[in-house]
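Sharing a structure with you now.
Just so it is clear, A, B, C, D and E label the chains in written order, and each chain counts residues from 1 on its own.
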Amino acid sequence: GKSGGSNEKGGTLNVAYMAQPPTLDPHATVSVATTDIGRNIFETLLAFNERNEAAPLLAETFESSEDLKSITFKLRKGVKFHNGKEMTADDVVASMERWKELNGKANTYFSKSEFVKEDDYTVVLKMDKPFTIAKYILATNINFAAIMPKEIIENAPKSGVKEYVGTGPFKLEEWKKDQYIKLVKNEEYQSPRSEPDGLVGKKEPMIDELYFRMVPDASTRTAGIQTGEYDVALQIPYDNVPAIESDGNLEAITHPEGFSTVVFNKQNGIFSNEKARQALNLAVDKKEVMMAAFADEKFYTQEHGLLTKEYVSWYNEQGKDKYEAHDPEAAKKLFKEAGYNGEELTILTTRDYEDQYQIAVVIQENLKKIGVKTKLEVYDWATLMEVREDKKFYDLMPMGYNPVTDPTQINFLDSRINYTGWSNSPEIDKLLDELMVAPSDEDAKEIFGKLQNESWNYLPAIKFGDYDGVAAIRTNLKDFEWFHGPVFWNTTKSD
Amino acid sequence: MRIYIAQRLLSLIPVMLVVAIVVFFLIHLTPGDPASIILGPEALPEDIKALQAELGLDLPIYQQFLNWFSGILVGDLGDSLYLDMPVLTAFASHLGPTLSLAILAQLISIIIAIPFGIMAATKRGTAVDQFFMVFALLGISIPSFLLGLLLILLFAVELHWLPAAGYQPLSAGLWNHLRFLILPAITLGAIQAALIARMTRSSMLDILSMNYIKTAHAKGLKERVIIYKHAFRNALIPILTVVGQAFGTLVAGAVVTEVVFNIPGIGQLIVNAIQRRDYVLIQGTVLLIAATYVFINLLVDLLYGVVDPRVRLNKK
Amino acid sequence: MQQPYENQEPLLQVKNLQKHFPITNPLGKVTGQVKAVNNVTFDLYEKETLGLVGESGCGKSTTGRTILRLTEPTSGTALYKGKDIFKLKDKEFMPFRKEMQMVFQDPHSSLNPKKRIGYSVEEPMKIQGIGTKAERMEKAMDLLNKVGLRSDQYYRYPHEFSGGQRQRIGLARALAVTPKVIICDEPVSALDVSIQSQVINLLQELQDEFEQAYLFIAHDLSVVRHISDRIGVMYLGSIVELAPTDELFKNPLHPYTQALLSAIPIANPHRKKERIVIKGDVPSPTNLPSGCVFHTRCPHAMERCKTEVPTVTQGANRHQVACHLYD
Amino acid sequence: MISNAIEQNVEGRKREITKERRALFLRRVWANKMVVIGGGIIFLITLLALIAPLIAQFTPYDLEAVNRLKPPNATHWFGTDNFGRDIFSRVVYGARVSLAVGLSVAIITGFLGLFIGMYSSYYRVLDHILMRIADGLMAFPSILLAIAIMAVMGPKPINVVIAIVIVETPGVARIVRSAALVVKEQTYIEAARAQGASSRKIIWSHIAPNVLTPLIVQITYVFSVSMIIEAALSFLGAGIPAPEPSWGNILFDGKSVIQTAWWMTVFPGMFLLLAVLGSNLLGDGIRDLIDPQSNKAKK
Amino acid sequence: MSNQSLLKVNHLRTTFATEEGAVTAVDDVSFTVNKGETIGVVGESGCGKSVTSESIMRLLNEKTTKYEGEVLFEGENLLQLSKAEMREIRGNKISMVFQDPMTSLNPVQTIGDQIAEAIVIHQKVNKREAYKKAEEMLRLTGIPAPEKRIHEYPHELSGGMRQRVFIAMALACRPKVLIADEPTTALDVTIQAQILDLIDHLKSELEMGVMMITHDLGVVAEVCQRVVVMYLGQVIEEGEVGTLFSRPLHPYTRGLLKSIPQLDGDRTEKLHVIKGVVPPLTAVPTGCRFAPRCEFADEQCTGQAPDLTEIDTAQKVRCWKADEFLKKEGHKHHATTV
């Protein structure tokens, strides 16, 4: 039954979403869709606040030990799963152990660590090393550490759990594959009591029914929000924003969407030579790149930092000069020095992510101007995923990445995870290791500064800048937030 | 008759075999693999390997084919790798929208095309005829994605008469159901209408020059009676072929239209499946589509018997 | 024109020729037989014309086509100069194609519309490897002249000719390899009356010049009578009566022949005659009547006709008939 | 000597007849409005494509990010696209690609269809095998088959052609086959057999010339269809790989900005429409031209 | 022989508008069909026999066809009637039987439907009664078990039966005139004999006038009382059958008669040949149309077109040389008829 006057509004919210998630199990995938939808169903021990610090969510508090080798989580009491069962330390341990197995990063760092139940409402993470960065990994919002009932986890296959039962403000009611995912308000939801703050603090579901409708075609999403079929439409093409803005019933919301790079093949071909990578850095007009891909300065920032200004605990100015350098003539010389002889280089890209493709086109044109020949190999995403593992196949590959919340999430840095592009810089690896065990946040920040600087020297990839995405909402939505994705709790809809 | 149907159904087997082999090897030759898609763009190689093993994708290809094919023989099309449900279920849940769309498109096109075609034929060589035929040519020439986009812009975005895209099942009410299908049905029906109108015209022209039309005139029948009772029923046979084939292709995938209007039908199912390299789903769906196509053609052939007594099958 | 057959070897001897076409369902299973030719026996002598008459579908064309191996016989033999040509392989039969040629009924479809007529006339020579290119061309033009066309029409296409002219071209083509036997499958029935006589005369003239034998198939008895030395009457796949022309007309024995003769409309209103109108239709060749195939329509049918197949009896004046009335 | 004289005379006559025939044919072509208009459209577009470098001030690749999505103006007659590239240049260069796709598909399917159709009309066993394969291929939804083939072989222009060829060949083969089956029953084929002509000779010098006309009509249809399929493939992201311009992928680029930059859709769309219309008209016209029925009506 | 005229065609001229200009397929054709009489129309393919009969029924495409002259039926000029009035005549007062019964019957309707259709329209009876009448008609034409046949489709019948059905259909409303356009050409001799017998029998039964179109002179000789010979759109000779066959005056008629092999003729004699071919309608010779093929043609013939002139009550001919022939033929004629 409904209780309280605020529920009167309720109603149905239709969200035009791009693609269906492979699963709603956040442990099992790095898919953004799983995050965007799954965060309504599942919650984590820790999550990010407005300042991008790790803050408690299902945990009441958390505390590191003196030697920094263990973290103690006090759980909130009375938090109920959607199946009515109360959340206890058993569930948390089971969930965290499973997540630790499945999340690649967690697996790397915590493989020798353990989650231990202290009592029904206390869980301790015991680590082999003083991983100061652990809280960031625990709070990650991609492939996140959702807490689920122990029984469900025990029955789950590797491809993902079959029942989606969490503690979040919405419950899964129906998943019509490739059509929609229907969530309904969790009437029993137990919200943290503090003020809303990023993903933590007060969370109150106001909407009765929340539909994520799968609308792969961007023009259709745009048209659909214009006609009022949808209340929220994600990933509106930049060129459609004027149309949205000119419509009194609509509002365009820009939000950080990620950063653009070009990844080098550092194993084979000319770009295994650092000089060639530096030459490319000088050759490419980063502004033109960002402009072509993201249409308008409104939608991108030219930013050298691997973590941006919003990540106050990480931001630094290292490498900025190298980012800003642009000198085609010098680039030409450097290419020669690197041994470039007029051979044709391969740029691998896809049109499934239009911005990556557009970056590829600009790089190609920029290189053409200094006499470097290239050819575009355009594949669909699935093919690209495969061919990019072939070390002989490409020289350059534009790639977009979701915003990272800590340095460990940047795949192209670490040579030991064998990520495409195949970095091989002992310095960077060393700095990464140091970072993990930095005694304090300040130390971590300093080490990250060195890391960032080194990355602009070594250039595993070139960051072109940060870009925003645009979501369109109808103006009758109140308190709709964007924080590392759309936030639907606390949102209300008036007629 | 029953024997004939049984025979026709038997002749499905070679077609299905061809389709099965082609689709399996085509799809397995395709670069890209489902595991990396499921795990997402930032997945690490070892995770992908593990999932591949779990999905049985690490077996030799002939082994995979045999596993799959032996499943088919006992009626098991397997489970979708991505959607996490049996192929048959996935197909069934996407069949509804496509069927509704195809039927509506077919109805619209028939209702427009046949009177057009007849009129053009009876007024052969006049301005009416030429107008209709230019119209029909335009219908064939305009690519359906363009027409779809234009319809959305006009009727949804500008006029707000109809929704831009999406789908509601029949259970949501008839009007609600139709509302979403009108624009896509017009888009899809345009080409059909043009083809059918042309076929109607030319087959009516053929029939109108037949001796038995002269006979009908000699009997003192009215023009209208001759056209509708004598000529049209005879002209219906080739028209039926076109309609039948068209319907086959409609059901088999109004891919572009479904994408433009975001209708969760068979076309979208397969396009998504190809993008996701959902091997089992692609294979199964293509097989089912082919079966549907053959089945519809069988129905059309049986309908011939109703329209044309000369091909009534029980007599042979 | 009458020839002393007794002391002459026949050029072509056809014995007990049978041709059944299988009826198949869409899956290729045989569900029945069209018994197009059931029992055809005749001799063809050098330079003679043997007429073959009968109603539509009685197997006249099939007989002709089988002899030329355009379709394989079901059983029977055909001895050409003593050699059984049905037993030969396709390759071995090739030289015999030079000896036996065919002229078809439909002048509109028997010439390839996309080929100049010169090509069509030359083709048989080319296939048989006769002469050089220039020689072949000369011969083709010569032949065109012989059949009453101008040699400069060599480069024209069939559609530029009338039906009668096309039939002449067909004749020229058949004559190109100077055959000994020409099977004429209703060569004049598609032509207008006034054109018909031109072609018939031509056929006779050419026979005088080239001395080939004709197997002349037709359904028009008056035409057959005019051109043939002997006539065979066919009914439902069998020759029911075979006799020299004058003998047959003077003394028709088989009831079917009698009916046929009486049914021919005669262009002479002063010669009103008694018409024997036989009732009913020709039975289907898929489902032949038992016994004598004609018994269903025969005015003289007896009990034994229903069960017993009549055998051929050889009468006086080389008159053969297969009927129980004459056993 | 005499024969020589005849031959000369006849040769002259031959030339004369051919000339006459050509004149007559041209007159009939000219009298056929559909052929003239359709052929005219195709000719103009082809011409435009051929002289593209002369009339376009830009290459189709020159990009200028600051000039994104400018409406038609004096420098950019058709406006610019989302890279700031000149749409006019892309459309006329795109004509090369689209026409090349149409043409090569038409020619290849023509040949393949002719071969397959002819042989399967002639040999029963082969017929069964080939037609079952054709059935199978036709039972595939054609666009999907094309997408799958593109996915397998990778996005190269040549693969677009191959994909469309695979999709379109069964239909053409069937048309040829059914026409050949009719021709095969004609008496002149029997006549050729009676001469002892070999199967090969019968197939190629007797049957083939007589199925050319329906084949030509079908090929003009395939020509237009393959341009549409290329566009649809591009629309689904599986067509001619960019930055190579084709009408299809210009339309694809224009799709997402259709509300703000109509010129990106309208111009290539118009050209596509015209080309398809032109070839359809041409096909219909040819049908009329060679249809004996309509000739008879004229007489 | 009754001499009551039913249908009188006067100077009929039918012109088609074609892309190559106007083509006159029937030019100045006149003849009369009397009650209880069969008139034969003969001539080679393309001479205008069918166009004549279809002009009488006005079955040709009204847009591209122009009729001149008159077609009088019971005193009314059919060419002046409105479309509705014309429909009243068709199938009711004047009926037609065509050459090829397979293509002239609607393949998708039962024969009962097709026969009853005309009865329903013209006799204003209901469908049941019309069916009964249809069955009666079928019985009249000698089809066995008509009550079964009536529910069958044309393709289930043999050629001869189909032609009987067609005749039943044409005669269902008991017309005054039957036009039979080559009704037996597609049939075998024995079946042809059956059909000709049937038409002859029904003619006397229903007291019709019959116009029998054929190219077979034998058929004419057997069933017709009078005959019209056509050549290139014109009537070139007309007369009573006996007279015309024994004393043909037009060189074309004579050639025609001589060029068919006679069953009792001399086989060793060569057939007569009319040289040349019929010229196309677009190149009609000035003067006598037959002149280019005529062995007797002189300047008068090529320069001036002769009229159809009456020789006696039994014969008309369109030839400048008719008198000459008549003089010569006179003796022979007497000699042979004695």
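Quick note on the criterion: a residue touches a chain if its C-beta (ideal position, glycine included) is under 8 Å from a C-beta of that chain, and two chains touch if they have at least 3 such contacts.
Worth saying up front: this structure is predicted, and the values here are computed from it rather than measured.
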Moving only between chains that touch, what is the shortest number of steps from chain A to chain D?
1
Decide which interface, C-E or B-E, involves more C-beta pairs in contact, and give its chain pair.
C-E
Centre distance in Å when chain C and chain E are each reduced to the mean of their C-alpha atoms:
32
For chain C and chain D, what's the span in angstrom between their mean Cα positions?
48
Express in whole angstrom the distance between the two chain centres, defined as the mean CA positions of chain A and chain E.
92
If you average the CA atoms of chain B and of chain D, how far apart do the two points sit, in angstrom?
24
Please output the residue numbers of chain C that touch at least 2 other chains, ranges allowed.
none
Among the residues of chain A, pick out those that touch two or more other chains and give their numbers.
219, 352, 379-380, 382-383
Tell me, which residues of chain D touch at least two other chains?
151, 154, 255, 258-259
Residue ranges of chain D touching chain B (in the complex, touch as defined):
132-133, 135-144, 147-149, 151-152, 154, 224, 228, 231-232, 235-236, 251, 255, 258-259, 265, 269, 272-273, 276-277, 280-281, 284, 293
In the complex, the residues of chain B that touch chain D are 14-19, 22-23, 26-27, 29-32, 137-138, 140-146, 149, 153, 157, 209, 249, 252-253, 255-256, 259, 267, 270-271, 274, 282, 286, 289-290, 293-294
Contact residues on chain E for chain C in the complex?
44-45, 158, 160-161, 188-194, 196-197, 215-222, 241-242, 245-246, 255-257, 259-265, 267-268, 270-274, 277
Which bits of chain A are touching chain D when the two form their complex?
218-219, 222, 237, 239-240, 242-243, 288, 291-292, 295, 351-352, 354, 357-358, 361-362, 364-365, 376-380, 382-383
Using the touch definition up top, name the residues of chain D that touch chain C in the complex.
3, 6-7, 9-10, 13-14, 17, 186-188, 190-197, 201, 205-206, 209-210
